[in-house]
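The structure under discussion appears below in the form of structure tokens.
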Amino acid sequence: MKGETRMYEVRFHGRGGQGAVTAAHTLSDAAFRESKDVQSFPMFGVERRGAPVAAFARIDEKEIDIKTQIYEPDMVIVLDMSLLDVVDVTDGLKEGGKIILNTAKAPSEFDFGDAEVYTVNATKIAVDNGLGTETNPIVNTAILGAYSRVAGNVKLKNIKKAIENNVPVKHDENKKAAEQAYESVVGV
Amino acid sequence: MMSENEEKELLASGHRMCAGCGEGTAMRAILKEAGPNSIATVATGCLEVTTTAYPQTAWEIPLIHAAFENAASVASGIEAALKQMDKKGETNILSFAGDGGTFDIGFQALSGMFERKHNVTHICLDNEAYMNTGIQRCSSTPYGASTTTSPSGKESIGEDRPKKPIARIAGAHDIPYAATATIAYIDDLKKKVNKALKADGPAFLHVFAPCPTGWRHGSDDTIELARLAVETGVFVLWEAEDGEICDIKITKKPKERKPVKEYLKKQRRFAHLTEEHIEKIQKEVDEKCEQYGF
Amino acid sequence: MGEQKGLTIQGNMATALGAKLSRPDVIPAYPITPSTLFPEKISEYIADGELDASMIRVESEHSAMSACIGASASGARACTASASQGIALMHEMLFIAAGMRLPIVMAVGNRALSAPINIWADHQDSISSRDSGWLQFYAEKNQEGLDLMILAFRIAEDERVLLPAMVGIDGFVLTHTVEGVKAPAQEDVDDFLPPYEPPHGKLDPEEPMTFGSLGTPEYYQELKYDQTQAMENTPEIIDEIFDEFEERFGREYNRITPYKCEDADIILLTMGSMSGTARAAVDEMREEGEKVGLAKLTVFRPFPGDLLKEIAGDADGLAVVDRNISPGFGGAVFAESAGTFINENRSPLMKNFIVGLGGREIFKRNFKEMYEKTKEAVEAGEVKKPVEWINMDEDVMR
Amino acid sequence: MSKVKITIAGINKKAGSSKEYKTGGWRTMKPEVDVEKCIQCFKCFDYCPDGAVKKTEDAIEFDLDYCKGCGICERECPVKAIVMKVEEK
Amino acid sequence: MGEQKGLTIQGNMATALGAKLSRPDVIPAYPITPSTLFPEKISEYIADGELDASMIRVESEHSAMSACIGASASGARACTASASQGIALMHEMLFIAAGMRLPIVMAVGNRALSAPINIWADHQDSISSRDSGWLQFYAEKNQEGLDLMILAFRIAEDERVLLPAMVGIDGFVLTHTVEGVKAPAQEDVDDFLPPYEPPHGKLDPEEPMTFGSLGTPEYYQELKYDQTQAMENTPEIIDEIFDEFEERFGREYNRITPYKCEDADIILLTMGSMSGTARAAVDEMREEGEKVGLAKLTVFRPFPGDLLKEIAGDADGLAVVDRNISPGFGGAVFAESAGTFINENRSPLMKNFIVGLGGREIFKRNFKEMYEKTKEAVEAGEVKKPVEWINMDEDVMR
Amino acid sequence: MMSENEEKELLASGHRMCAGCGEGTAMRAILKEAGPNSIATVATGCLEVTTTAYPQTAWEIPLIHAAFENAASVASGIEAALKQMDKKGETNILSFAGDGGTFDIGFQALSGMFERKHNVTHICLDNEAYMNTGIQRCSSTPYGASTTTSPSGKESIGEDRPKKPIARIAGAHDIPYAATATIAYIDDLKKKVNKALKADGPAFLHVFAPCPTGWRHGSDDTIELARLAVETGVFVLWEAEDGEICDIKITKKPKERKPVKEYLKKQRRFAHLTEEHIEKIQKEVDEKCEQYGF
Amino acid sequence: MSKVKITIAGINKKAGSSKEYKTGGWRTMKPEVDVEKCIQCFKCFDYCPDGAVKKTEDAIEFDLDYCKGCGICERECPVKAIVMKVEEK
Amino acid sequence: MKGETRMYEVRFHGRGGQGAVTAAHTLSDAAFRESKDVQSFPMFGVERRGAPVAAFARIDEKEIDIKTQIYEPDMVIVLDMSLLDVVDVTDGLKEGGKIILNTAKAPSEFDFGDAEVYTVNATKIAVDNGLGTETNPIVNTAILGAYSRVAGNVKLKNIKKAIENNVPVKHDENKKAAEQAYESVVGV
């Protein structure tokens, strides 16, 4: 390997329509603004709306050559807690990897082996900012605020710029949600 | 609990259609009516992709999927083979395709099948766009609908052409049976499946099946929208025998037609339409209803 | 053994007769020059009550192959005929027929592809579907066309194979040319080729199954490998069935037939009708003392690299004669011949000659020229221009 | 799902095997029926896209292995015998 | 020079943006996974008034290519996008577009062919149209996809070329994957790519001419030769235009790009997105002291044999990695690599690896395995099994 | 001798159609009416093969031939290009195909062109079989005709299906203009060409053009047979605007219909028909004439 | 016909060049017009598939370079001003 | 070359519908009955009815390998004298080759250089036997009788058998025509 930095890989879990793919893209866009090389992509499948979906982002200081999908993420982000029953969200998670959960509960209420658990009530933040409804909250921007804080490799300010670029509406609300999540994420 | 449902489900659960998909409702009813002594072809599209992901299949009757544009030709081959080999012809042969696989890319195969008078019933599951590939415009897409290849925008109101009158065109082939149906009226749908299969020769069934993902409506609105389409006159239910398309039989007629707006406003694909657009659509629906004697 | 009947017939009639003797159930077909006489003859057989089969007069070749797929999946013996634009139009369905392992047989009247439109002999049409997973046979003469049809059904339907097959006869040069042939008796063909009963499954309400599933990335490569393996295993089976045919009917077939190759310094590798003219040229050159031989490809798919190595491995030069061109590279037979020899310690120098496109004649003198050019390269020890076009009319070049 | 051995040509002889794939996990809302109210018109049965409504002796019940929670049955029940509830987590 | 704008976009958006910057007049297109985002983006550009062009929402890919032909022959800059079954369905028209020398550009989202149906990355679709007379470019990443679209128009329309061109980006791996790219400024693209004015003729009542004549055997072969010659002459022109592009836009393109090949004993020959992973694997192997290099094909048509000889001529082994399979032979890149080296005095031993069909992943470890297998062959001095399939799941084989 | 013919011949002499070919007569009239400011596409078929053998061409207007099945799609591309590039749209765009290239293999391209509302006039030269390849059956082939793929024989009376009602099907697409015409009535033909070209959108013209080689009649009978087809009601001349196919306008009506036998007996493709067959055909013609109000 | 040099893509810029190909040689019967009888209705002109009828000041004449001798003009002339004669050999 | 015998090549000139192709086929069929190897084929073109056509036959004692068309026939047969103005019927004719013309005239009235000219009034023979009409005689069987006599390499009896095989109707009349032509050909 050329440098010392390590590639950072993230997996998002959500349901169709919850914006996991946009979240991954927005994250990669933010990192790109820091002159990092990036990739982001959805699960390559034929899944229909409603089915659990995953999306991925890959961030590196140097040029990313590899083109395979992500099997051993450094971080997993769960947009919808109902997925915990359906999907093995820690599948392949690197030893000592991180998990961000969208929940009002505290990290201590979860046990994912040696993974570091963080929680953020992205749903409440989203709804408070007028992003979707209680049953259909749009949490993908809020969660990126939490990401910025937890991962530490992409600045909140660039997340916000990326939101402006990637999210079609309600820029201020979305940026505010990211900010609030950045502040309120628990476990750091 | 009853020991067994009266009729076996011939489209098994566990298929991967979106929650609230109109195609699921349609297929369950159609296959029940056709019964197990049937062979089906299916064109590429949501129905095929959501029901045949290897190593599973939702089909309880024999099925073959070859390509997107040729369900009716493959069915022609099956029909000829069965006729040639067992010469009885008791097996129903069904050819399924979406609107894309019927109105557009599969239209020639269909027209050829009609013309050759194969004993095949072609059933079009019309959700008014190419859904499997992500809501692209089809010639079935109605005026004003925003799709990913006819997006509304500064220079565009979305789809700018009327829906291709496919069942009329099919009927103009002088086939024994052509009809339209929808999932809000299951009995009517089943009756038409039955007539189509009994017809001596090719039959065409145009089944209107709302798609919550593509039309951007609530997954629980599916049946309601199918009903509203009929009640507003957006989709007229009729049948025609022996190509008598100038003398069709209307099979479902609401006492009073509801305004199309009620139908349009529930779907985000029409969200960008202005009052003028809606009036224009209303006028066109009025005209068509007059033409069809609705 | 019934008597074999002598007849003088065109190539298309020979393939149609081969098909008829094979008792197809369903023949979906679409007319196209130069293969049209095939469906015409079949229609006539049926109209006259000589063949009990269902002919589907489809509206296009795409539908012809689609209907073949439907029929074959229903357990019927299905065949069709086509050429050129027709084969190109059914391109998509060729891969699908093979992927579904349906032993459909297609008689091809080999013809050039547009543009410009041209109805004459050329192998581009079937060559450009060489990736589709079909077996490919090419006939030198009408007798071969007739026999190869029967053989194609037998090989395609072998349960170790289960792959579709094309039998190519050159446009006009064979399709429209009358030659004498011997037609096997029906009962002997019946004996050689039993009725088709699909061993892998068929569309039948008694035992419902799904054909043509969505092959996810977890399974696709293995499914493709499995299909490819069937093709890889075919050479032995072809040899076995060719042998059986010879025993029964007295005519010898080989995947590649060598002619005067044993001591040859230079070998011409040919396919289709040109092989006859090449043989005549070889005879003449031999009389002049040239050590030249001829290797005639009858089976192009699977490519008989094993035999080619045996036949041409000791030669100094191999003149690969392609009646097709892949612009930006060269001929298909050349590419695969090179692939065959690339890792051999000893390999003949290879020249590639592009000939006979769009019905351009290939004369004896052209083969002599190819021989000379290959000899020159051998003598020089290097090939300056690997791909050369033969019998060009320089006067009309712009 | 665990992987299986391929079949020749990918022909699938296991008719109806999609039932191995439980789509219940897609659901975020869950239908519940009030057996008392049910008049056994079976509209829910007819309309359910997923075959997740089963007829019972005196009403209907849901096959939660497959119900995707679309809400059609609730909407179409003429006597409002069905209600959608948020799925427990 | 305007500033190049940094963007994070999917591969399809990159090719669509490349097309938009090239100012096409007519875009007939039909949706197919994984290329659909291309026509969607174009539709959006037009709907939003950002692109002044006519999009034809055709009823099939056959008509997409047919409409491209009509538009291009009328003097319009025409382009489309497709994949897989769509490319197979327009197969016939591909040859016709090339034969008519119409510089149409097609963005391809490379995907497997049915049966079984599969929507994932695979090169079979465009590879199986390698005979059609189209230039073929394959991108490793989205930036290349964007640039190659612009380059494709420029090269295709060069009056010494006048051939249609495909730009392939791998399904999902690129089409649906967001990467950072730099987009040239419109005025700079305008400068690089002037409006299209057909030098050879167009449909115009002012000067009536006939396109698509019947090419009789007296002329067909010469017409085909003339067309093939245009392809043969293209390498130099591509090099020239690649150089000009680099000067203007600062990004280097080569028909084949060597990486650590100079002293390499064994070279991997790759195409498309896998090249990235292969490069990473080469880096790792180099750290372990293995003398391995990578040759990345960007231009497959015309096949850059000249460069391949330069790059790999001194290597001991060449591992040709094909994301396609011609059942009954092997991979297409292998065949043509063999054709390139067959007459060389010194040639690397060649292994052919079939990989990544239908979206099967190709991991770094797979490249290492290919390297090892090639090395073994080199050490043994012979290639026992020329064609091998990599990353097979043995457990699911029947 | 007159200094110059009033109108230039736009299909030059020296083409290679058979002596007495109806397509020659049709094309001369059609191109004259269209005039030199026209661009044409032509599908593979007799017309193309007999007029474009390199290095000669009989065409005096720009022509492109791409393939057999796509004249209408190629024309779509031309129309879009012209609209996009000069935005005036004064040039006539004509799409020519035989019955094979229209009813069968080219039908989807045509239907797509209609549906997209391109300003293209598609003209079908109907000689009721695939003539270029030697008289094979097409869906245009009338009941009872012997062709090489529907030969009469012990088990066959020749073609056993009725002619596909193509113009009606075309009209059912709700196109601005659909009509039938034939070479016996040149003025009527020209008038319809004119109307088709003036229509705002796609137009369809079904031109009946006897073929002495394929129908096996005398080369001098060509015009007479075209006339008899109309006079017997075998081919009805009509036009329909805006898809009003249930309210067509008959444009040529003989006082009294002649018996179809007069038409049939002049053609050897019908030579094998018995009196009963002929009666059956007469009955079907009678029925169709009634349907068409003829 | 003598051969010419090919053009790029086989594009044929010589509109109407089929006139180089004289189809008169196909003919076995030849039309002759009785100028006196001709009423200049030009039906022969309209119907001739080969454009072999030319209008003249007072009647019509045949362009025997192209006339294939089909006999349509004879059949369709309302006043029988045209007769087909066996071609001289 | 293997044997001593020479391949014999024949070209027929006619018009579409006159049966030149059938004549060539019938000739090859007759020769095949004598255990010769044969080929026959039409001109490989797109010519329409009415246009001059040619057809070819190739006869050899040994197996015929070559697949090229016939450029230097040993014999040329002209079914329709009107073709003499339109087609160069002697094109490529071998030195000392033979020509059979369907005419009432004597061979001496023609000059085709060093070619041997034979004439036969096939039209009259055909019409006399009820084969076609004066303007549309079917002369292809009669002419084969003349061929048999002139070429001497295919027996009349086999020509007659071949006629039975290849000509759909009027077998007796056609055979009789061949016989009469055999007898009456002038120039032998």
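To keep things simple, chains are lettered A, B, C, D, E, F, G and H as they appear, and every chain counts its residues starting from 1.
By our rule, a residue touches a chain if its C-beta (ideal position, glycine included) is under 8 Å from a C-beta of that chain, and two chains touch if they have at least 3 such contacts.
Given the structure is predicted, the values throughout are model-derived calculations rather than measurements.
Q: Hey, how far apart are chain A and chain D in touch steps, shortest way?
A: When the steps are counted carefully, the minimum from chain A to chain D is 1.
Q: For the chain pair with the highest number of C-beta contact pairs, give its two chain identifiers.
A: Result: the chain pair C-E has the most contacts.
Q: With chain centres defined as C-alpha means, what is the inter-centre distance between chain A and chain G in Å?
A: 80
Q: Chain A to chain F: how many Å between their CA centres?
A: 63
Q: Counting in whole Å, what is the centre-to-centre distance of chain A and chain B, each centre being its mean C-alpha position?
A: 40
Q: Do you know which chain D residues sit against two or more other chains?
A: 3-4, 6-10, 12, 15, 23, 26-27, 68-69
Q: Quick check on chain H: which residues sit in contact with 2+ other chains?
A: Chain H, residues with two or more chain partners: 44, 46, 50-51.
Q: Mind pulling the residue numbers of chain E that touch at least two other chains?
A: Answer for chain E, listing residues that touch two or more other chains: 57, 59-60, 62, 85, 89, 92, 96, 99-100, 114-117, 120, 207-219, 222-223, 226-227, 359, 361, 393, 396-398.
Q: Report the residues of chain F in contact with chain G in the complex, numbered from low to high.
A: Going by the criterion above, the answer is residues 1-2, 5, 9, 11-25, 28-29, 51-52, 54-61, 183, 186, 212, 218-224.
Q: Given the complex with chain E, which residues does chain G contribute to the contact?
A: Going by the criterion above, the answer is residues 3, 6, 8-13, 15.
Q: Once bound in the complex, which stretches of chain C touch chain G?
A: Those residues of chain C that touch chain G are 115-116, 393, 395-398.
Q: Could you pull out which chain F residues touch chain B in their complex?
A: Within the complex, chain F touches chain B at residues 103-105, 107-108, 111-112, 115-117, 139, 161-162, 164-165, 168-169, 171-174, 243, 245-246.
Q: Could you pull out which chain E residues touch chain G in their complex?
A: Spelled out, the residues of chain E in touch with chain G are 99-101, 162, 200-201, 207-213, 215, 218-219, 222-223, 226-227.
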